[in-house]
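Both of the next two complexes hold chain A, though its partner changes from chain B to chain C.
Moving on, here comes the complex of A and B:
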């Protein structure tokens, strides 16, 4: 209780007053708490790993486009569409990283080279291998975004304290709600890419099992590392 | 002693982690090596581990971030008082804090335990750190003036100069503080604070780097700042004009270095692309 009252700031929005069903005068007594250290730490991780991940996706599609655009011009619009979405995701997380002052991943140069290499290699192996690569990557990314959404939904309540009555109302802050929307939108788009890849013969790749499992394993390792370094 | 105990009961750094980490999903979220904080005894050899994990402290800044210094805390009030009133006279020493305690009507029995909070091992380091924090907070007063400056380098110059001039009132005791900060036990905390300073300065100057440049910029800035501080120790010129001149030149050098790096990178990328295209065209011809 001491901790909360010490760390509170004035709440600007009147919206909380209406949720409490009180008069406007009650607004002045409502104070919104800060995110806890653990919540801040989690957000820090989320932004760093997602930025690195979207950077990787951007470069994978870049590599595939380079390798395939000449051999298979019919795939150009599909790859281009997915690539452009990834560029948008990447820019969004770049902005978040700057504004929310998160440290970017130290291994950024490695992610760039690795992702470009993966894209070019699977692209050179042919259309099916490229699509299998997309399928594997987007499967891992979709699961990863889902996990983040779960934590953002369950663990990010901040107390809004009514100073008169001393009643705490757990509320999800606006910035976290925005983040939830962003992550779920991006997850849907990534899963769209997954469907596109399966429609374009991802399962026709040989050796399908080895290729997809190896890429999935690499992605999981990269996620684990980018969260920390 | 009664006053001291109530201060001690207030939550400190480790306590807050313990509180916040009840939820299983983010039990380890803050921790680089995934070692739960409960495994760290607060004293003994594992202090080093705690200090190391602080080096990797997360930097996410919420829209509602905590203020750097919370003047509602008694220990912060005591340190501010000591800093403004007694440090210019007695330096960064126990004596300054004891005087501040007496001046504010606290008992100075057991005052050491009060300032063992915030992870610092002793009162003097708390006092030094308070100086660093309050000077860093003062940089936010420059934001209005910064919006009138155009280039990132001119903003950097302004901020670094302001921060160095913030040392002017305690310049006679700066060497004590510096020598205290580089003791092995204080090194980690000092480096972390130096990094926080260069991070703040870069952010206020409008840095938007997303990759490795983020690290190199901050490292370069920290180096310039430390060089500036060392230069300031021996500077007898009016208004530290010599130091300011020195720092300005160093920042200009960094800017030209960054320009050179970007130019080389651009040239490299262009050459690579044209080589690939050349090979492609030769292949098409057969």
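Moving on, here comes the complex of A and C:
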């Protein structure tokens, strides 16, 4: 308890690890541990960077929609569908952020401007460039969600002590498992966007390699920064 | 004044805010980074660690043979850039030529040379025995007693005339594969025999002519680069002589004659050099030193 005393400030994190545990403890007399500082820090990071990322995606699609909807009305339903999914992701992470009292990324205004700019710029370059942008962004994001899933699966065990026998069986709390499901569902949806982009001639963009690699690099840099500040 | 004061105040406040903000953030960043690397809660098992074969970014691999310096490709590229500029500006500096040769000795070039050697009995013998030419292994002192016009004697006379020694050859350092390194080393050591058999001197002009001959015969990129770019900065009269006399000779003879990399020079020291030339299919070019002398005296007469 003393080791985790600093965590008490983060009431939400306690809730995270323990609500489902209470039900169990009524029957089996199990005592659930807390998330450690590091686990809390990582959980905060996941929510912060994902919120910023989905915000960015939201703005990218917004920009592309603005730039393309007049020139290519045939693309409107596709863009709209992907955009709406991103809005849903964004709202989900907004709620999580409030719920867990996670500080948003300090550079949020920059992410907004940058994402909107990227969306409009690639949109103005044409359908292929816009789709190549989507392809590049979703590639990076898919990989990033996977990395988060890996950590959420391997590193989020919490002490579960049976008070009668004193046996400790570290398990992943249900709340973390919900988070895993959420992340993997979002990842699959992002990768669907990737497939959609490739189906709509993302590879026809010129200069394809330069464009996608530059966007991937930018995305990785933005992710790295948003994870930290 | 007020503005200045405000400015000074801010210049103190803002950095302190940033640094305190960073120190507040840094702990969470550190912890989250460690989580991501899997260092904290469920550290990697020994098996997982052993599966991780990634090396530190700049750890040099072990050398493949004595004297080998393993280089990354970008280092080879830098070496190529530096040595090509250096060799162009100052072609008499051997270091530039040596590193230009090794940085452009791509595996596919040397592999082709090795295949050529493997297809020839004496080439195979050379690859098997890996001879190394020094003044000792060549018995330089005995060479002078060889019959006149033998390869050994001509080689000895050529060395004396040009004032060089077989010991000045630099060992190969940067080629990855040991056998390919030997192939390149062999080329380098045999270079003086190419001089002997063609009679070309080691002045700049002679080296350039020989480079084209070697490129046509062996296909080593450095020699081709030399033949292409080295004539640019030399005197126009010399360049004219090269282009009219020696380049046509080099193209014809380098292409027609047998692959010189397969000649086991050490074993045929007693052979008559003219017989050897006709066996290999090389005709001797006009003596460059004579031509140069003639051109000089003509110039003097005109003047």
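One rule holds in what follows: the second predicted complex is superposed on the first by the 201 of 229 C-alpha atoms of A that agree within 3 Å, B and C clash if a C-alpha of one lies under 4 Å from a C-alpha of the other, contacts with A are read in each partner's own complex, and residues count from 1 in each chain.
Note that in this section a contact is a pair of C-beta atoms (placed from the backbone, for glycine too) under 8 Å apart; a residue touches a chain by one contact, two chains touch by 3 or more.
What you see is a predicted model, and the numbers here were worked out from it, not measured in a lab.
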{"item": "Touching partner for A:182 - first (chain B), second (chain C), both, neither", "value": "neither"}
{"item": "Partner, of chain C and chain B, that touches more residues belonging to chain A", "value": "B"}
{"item": "First, second, both or neither for A:125, with chain B first and chain C second", "value": "neither"}
{"item": "Which of chain B and chain C A:173 touches, first, second, both or neither", "value": "first"}
{"item": "Partner chain(s) touched by A:151 [first = chain B, second = chain C, both, neither]", "value": "both"}
{"item": "Common ground on chain A, meaning residues reached by chain C in one complex and by chain B in the other", "value": "36-39, 41-42, 44-45, 151, 154-155, 228"}
{"item": "Residue numbers on chain C that touch chain A, as the complex places them", "value": "25, 27-29, 31-32, 34-36, 38, 40-42"}
{"item": "Complex contact set, residues of chain A against chain B", "value": "2-3, 6-7, 9, 32, 34-45, 47, 51, 70, 94, 97-98, 100-104, 106, 108-109, 112, 150-151, 154-155, 173-175, 228"}
{"item": "Partner chain A, residues of chain B touching it in the complex", "value": "10-11, 16-17, 19-21, 23, 25-26, 29-30, 32, 58-66, 70, 72-73, 199, 203, 207-212, 214-215, 280"}
{"item": "Sites on chain A touched by chain C in the complex", "value": "36-39, 41-42, 44-45, 147, 151, 154-157, 227-229"}
